[in-house]
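Next up: the structures, one after another.
You will see subunit A twice below: alongside subunit B first, and alongside subunit C after that.
== the complex of A and B ==
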């Protein structure tokens, strides 16, 4: 079972440049931490694939095991785990997030 | 539910012995904390790896009885 979900995760992060595993959707986040990451990405003009783990209890546990990360949201860029809410916020503040998007060829509108 | 700040601090120091840990109870409700953790053992690790070390020290409590703990990690100056 786990392998099937892991394959599903691998497929998602391979087929979309920016993937956010979150509670709720990009339009309607259902948790403050997920909303914070959505806001950061939106402010930077970065489009992303949202995956609502509240709609899939198997995925909800599997993504934690897959990333070895106990909390949601989780941001993946070009198949690589970037971090959760705290790391994304810190990277946005220091400008590292914009640098990473540049380095990975992800278009964004803001240099912050 | 919830954990007190001393317990969180004790677990982190138990897992990362040289850690300097500062816990802030963000809302005074014993449920939303921020932890600032400085350890030489974070040297050379990515942020994700540093946070994973903290999660390991918390022994599975993060995301369970510990609902909201904002983590900031650093190496000594």
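== the complex of A and C ==
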């Protein structure tokens, strides 16, 4: 069972440049921490695939095991785990996030 | 009947044991999230940890946070959110 969900996760992070595993959706986040990451990405004009883990209890646990990270949200860029809300916000403040998007060839509206 | 150890003490003890920190502050931020998603009414749902320890030297940001989460694996099952501030 785990392998099937892990395969599903791998497929999602391989087929979308920026994937956010979150509570709720990009349009309607259902937790303040998820909302904060959505806001950061939106402010930077970065489009992302939202995956609502509240709609899928198997995914909710599987993504924590897959990333070895016990909390949601979780941001993946080009198949790589970036972090949760604290890390993303901190990287946005220091400009590291913009640099990372530049390095990975992901378009955003914020000058590094 | 033994009353359960308060969450603050539990978190402090686990982190003391795991990292022998030079600095450690465990702050209950639950009141800031009262009535929001994740507030279970216990008054112990949202926590912030400020920690300084040599144990984190040379480890990436994600790796450091994982070490803290690992040390608090049982507590993470109960609480809703943990903000981690690691000083180096």
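Rule of thumb we're sticking to: the second predicted complex is superposed on the first by the 111 of 112 C-alpha atoms of A that agree within 3 Å, B and C clash if a C-alpha of one lies under 4 Å from a C-alpha of the other, contacts with A are read in each partner's own complex, and residues count from 1 in each chain.
Simple rule for what comes next: a residue touches a chain if its C-beta (ideal position, glycine included) is under 8 Å from a C-beta of that chain, and two chains touch if they have at least 3 such contacts.
The structure displayed is predicted, hence computed values, not measured ones.
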{"item": "Touching partner for A:69 - first (subunit B), second (subunit C), both, neither", "value": "both"}
{"item": "Which superposed partner A:21 touches (first subunit B, second subunit C, both, neither)", "value": "neither"}
{"item": "First, second, both or neither for A:101, with subunit B first and subunit C second", "value": "neither"}
{"item": "Partner chain(s) touched by A:48 [first = subunit B, second = subunit C, both, neither]", "value": "neither"}
{"item": "Which of subunit B and subunit C A:31 touches, first, second, both or neither", "value": "second"}
{"item": "On subunit A, positions contacted by subunit B and by subunit C", "value": "33, 68-71, 81-84, 86-87, 90"}
{"item": "Parts of subunit C lying in touch with subunit A, wherever the complex brings them together", "value": "33, 36-38, 61-62, 65-66, 69, 73, 76, 81-85"}
{"item": "Subunit C partner contacts - residues on subunit A that touch it in the complex", "value": "23, 30-33, 68-71, 81-84, 86-87, 90"}
{"item": "Touch list for subunit A against partner subunit B, complex", "value": "33, 64, 68-71, 81-87, 90-91"}
{"item": "Residue ranges of subunit B in contact with subunit A within the complex", "value": "47-48, 51-52, 55, 60, 62-64, 68, 70-72"}
